[in-house]
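A, B and C are the chain letters, set down in written order, and residue numbers restart from 1 in every chain.
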């Protein structure tokens, strides 16, 4: 049931990203004669302060907001998996050092670390991705390490090691796939959090530059019109909500499958 | 147990030290010449080489990086974080001025969040799997997934402007903290409720609870008296985590409500690339988190008598 | 467990809910984004005439003139000497009289510490023949002395023997990071001010400033964000929008001549012709701006209409210069796309709306636009990664003086010549202007300068506006000052 809802929501976002752009006007195309128009058949979600189609901007924003979150998720997933597996398989000093680094990184709240990085390097899309990735990998690495050590102790892995398969080859064949699946579930659960954080940072003006459509920034720009054009705030807010819901439902489903 | 507590405190200090080194070192990779930026902030649009050189001396940029780091750390221990590049005033003084407002906001938000979380979790756990549970979980989800700036914008529009309740020009007082605390409390409370519900449900299935049921305790009494104490560590851990993200959350809410706290100060500093202020504020956020999570761990150790891993 | 929460909550709601007290008619509550950081008369002196606790030697008026303020008269003696005669009876708020000896000390402090004064009064020497007269001599002629002394960043009049003591109708009774409180100065030389108290709150968020007036927490909001003004523009009840009479804020589109494609004259001219100035003022910015006809506002008698919109001619110019239309959305020449990187900055959120509009308008002529928002626009313009920098810098200044803005922005040695304009002809004209003491003789020179700037595409003015404010019902007839003197002795409720 939950999994189905998650798939439906994800499909909805997919349609928004891949299909809607072909059906709507240019997201940056201004039409000052039709400013702040209420939702209608011509503009399903109305228009904004520059007469731009809100649905088109929400759809374009999928690529920026959700796309960035996915990028950060992929980076943190890859780094977390690699570092965690390395710690689990190498053991000894390598494991101790990596574990300490993970502990310290986790001791700094993610968003605060991201703010520190953006604060010193300056706002901007690339810096934001860097900041969120640096702040987010450690959690996944800790998880990957725990999961991989568990896997190495499973009977068939030990058996394959005893039959003469090398440590690293055995890891690649047996430990890696299971660990990756487990970490993927956690990473998926994290996407929602990343979407929220990115929207917050963009709202504060630390993200992409205008006129690029980004959900958090769309809310920030719409604050002056909330009494006359509430759809300007509601549409991006719902987009964020749907993304977070999809990520958490799918993440839960993946985790359940991993447990079975 | 004492040994465990001491070890935890030692870990916290080490973490804080490493975090300080990392936060300071970030500026080494920052683009642009800080001396030029400081002069720009003071109104010198085309500074001469002489001015730049003397500013570099004033900022202490003419000595090597390790020396500067050491000096900064030594000063930081005594509570001196240098002067703001933007205003030329001591950072510590500016932070101390703004800290009470943020602490007030935080305390009110945490209280409100508890007020949201505990009843919601109890309702959900009491009627597990039934309509109230589904409803409560939907509320938890919406609360956690709605961006705080959206909640803040709606609160301003509906409660302050249409309802005529509260003020727009926040003065940083206890009374004024209630409205800005709502967006923070909603997000945090919803998250805590989820954690508390899960652990209440887990504990309820434990044998000793089943026994109390057999003895005829009412469901609510069972939850409150028997299950709650065992579910508490999980809630405490969740609260600790929330405090960690409080500075970032406060940055958003303080911007929406023009709350005169350190969150907004941090955002202003980021806009002006006022590095000393960013460093000090972030370190303060880390300090708050490390202290709270150490205390939470300490309490958990005291309650359960063992070290959590 | 519940009781303490309930107590906290109810106490909080009680204090939080108490609606703002109705302001006594002689108290004004005003919100502004800009903080007064200190009462330092040189570094932060510009705030003193703005908020009515200090004054200048000369002042700009609402109708474009400059008149004596603390002075009684300012007359040229020779080309390089001016006679400053003090108004009789001017005293500081502590009762001390302002005589020529005190003014001399004040001038000496500014000459030593104030970069603007230092730069504009070269080799200054001061004589005080009697108690009310000061003779100010410079090594080269300073023909714009009246305007210079009316500039809020130049000579602020302060008591050199006291801290933060000025001559204005108000005195500062409290100043911190959030608020400045001004009280009526009972000893004001011009008679007591109409208001007894002015409370100035520093609120950086534009949205919050506007809401504060709407909820009645403030009477006047300065620098209201344009995007939110639509709601109060033309309102018949409740808060209303008020604008100053003179449009002294010009949005410049500074071209970067140091790199392609803006180093191409045809591109610069096409750029200026393809912008729809009228649409930007009337539609994009809700009629809150006025359409610029040239680089100067109408109040300047010498203003020429040098700007117009003609997309067809823009296209023709680009065709002739070899920029051919392409499918990439922008024209191409020698394999290079005609794309401009336009700089905007968040302190002036309107720059963003204008850049977005320019993007659409310029596309019609085949000019592509990329918008980049920077935190510090001057800082970014000193770099080289830009083609057009949007910047709010009045071409006249708040003291109706064309000379300093021309010198700073458009001459080869100018301190704000970000685009690298190096035109000997323009340099000579501006330097001639600085030597022309006769005001009426300056007009032909200014006409020549305006034509030259337009012909060579050095400075399109994209939009212009006057200071605006949102006023609540208690101060419904308040009109913002064109020259930023927000509070004066005659400001009153009603």
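Rule of thumb we're sticking to: a residue touches a chain if its C-beta (ideal position, glycine included) is under 8 Å from a C-beta of that chain, and two chains touch if they have at least 3 such contacts.
For clarity, every value in this text was computed on a predicted model and none was experimentally measured.
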Original post:
If each chain is a node and each touching pair an edge, is that a line, ring, star, complete or other?
Top reply: complete
Original post:
With chain centres set to the mean of the C-alpha atoms, which chain is at the far end from chain C?
Top reply: A
**OP:** Mind naming the chain pair that shares the most C-beta pairs in contact?
**Re:** A-B
Original post:
At what distance in angstrom does the C-alpha mean of chain B lie from that of chain A?
Top reply: 22
**OP:** Just give me the whole-number Å value for how far the CA centre of chain A lies from that of chain C.
**Re:** 44
Subject >> Where chain B and chain C are represented by their mean Cα positions, the distance between them in whole Å >> reply: 39
**OP:** Pull out every residue in chain C that's touching 2 or more other chains.
**Re:** 346, 375
Subject >> Multi-chain contact residues (two or more partners), chain A >> reply: 122-123, 205, 223, 227
Subject >> Junction residues of chain B, two or more chains touched >> reply: 161, 255, 271, 273
Subject >> chain A-touching residues of chain B, taken from the complex the two chains share >> reply: 11-12, 14-15, 18-19, 22-23, 26-27, 29-31, 141-142, 144-150, 153-154, 157, 161, 244-245, 247-249, 251-252, 255, 266-267, 269-271, 273, 275, 278-279, 282, 285-286, 289-290, 293
Original post:
Where on chain A is chain C touching in the complex?
Top reply: 28-30, 32-33, 35-36, 49-50, 122-123, 205, 209-211, 221, 223-225, 227-228
Original post:
Mind pulling up the chain C residues that touch chain A in the complex?
Top reply: 206-207, 210, 225, 227-228, 230-231, 279, 283-284, 344, 346, 352-353, 355-357, 359-360, 371-373, 375
**OP:** Spell out the residues on chain C that touch chain B in their complex, using ranges where they run on.
**Re:** 5, 8-9, 11-17, 19-20, 31, 37, 115, 177-178, 201, 203-205, 208, 211-212, 214-215, 217-218, 346, 375-376, 378-379, 382, 415-416
Subject >> Contact footprint of chain C on chain B as seen in their complex >> reply: 37, 40, 43-46, 87, 94, 97, 108, 111, 114-115, 156, 160-161, 164-169, 171, 173-179, 255-258, 260, 268, 271-273
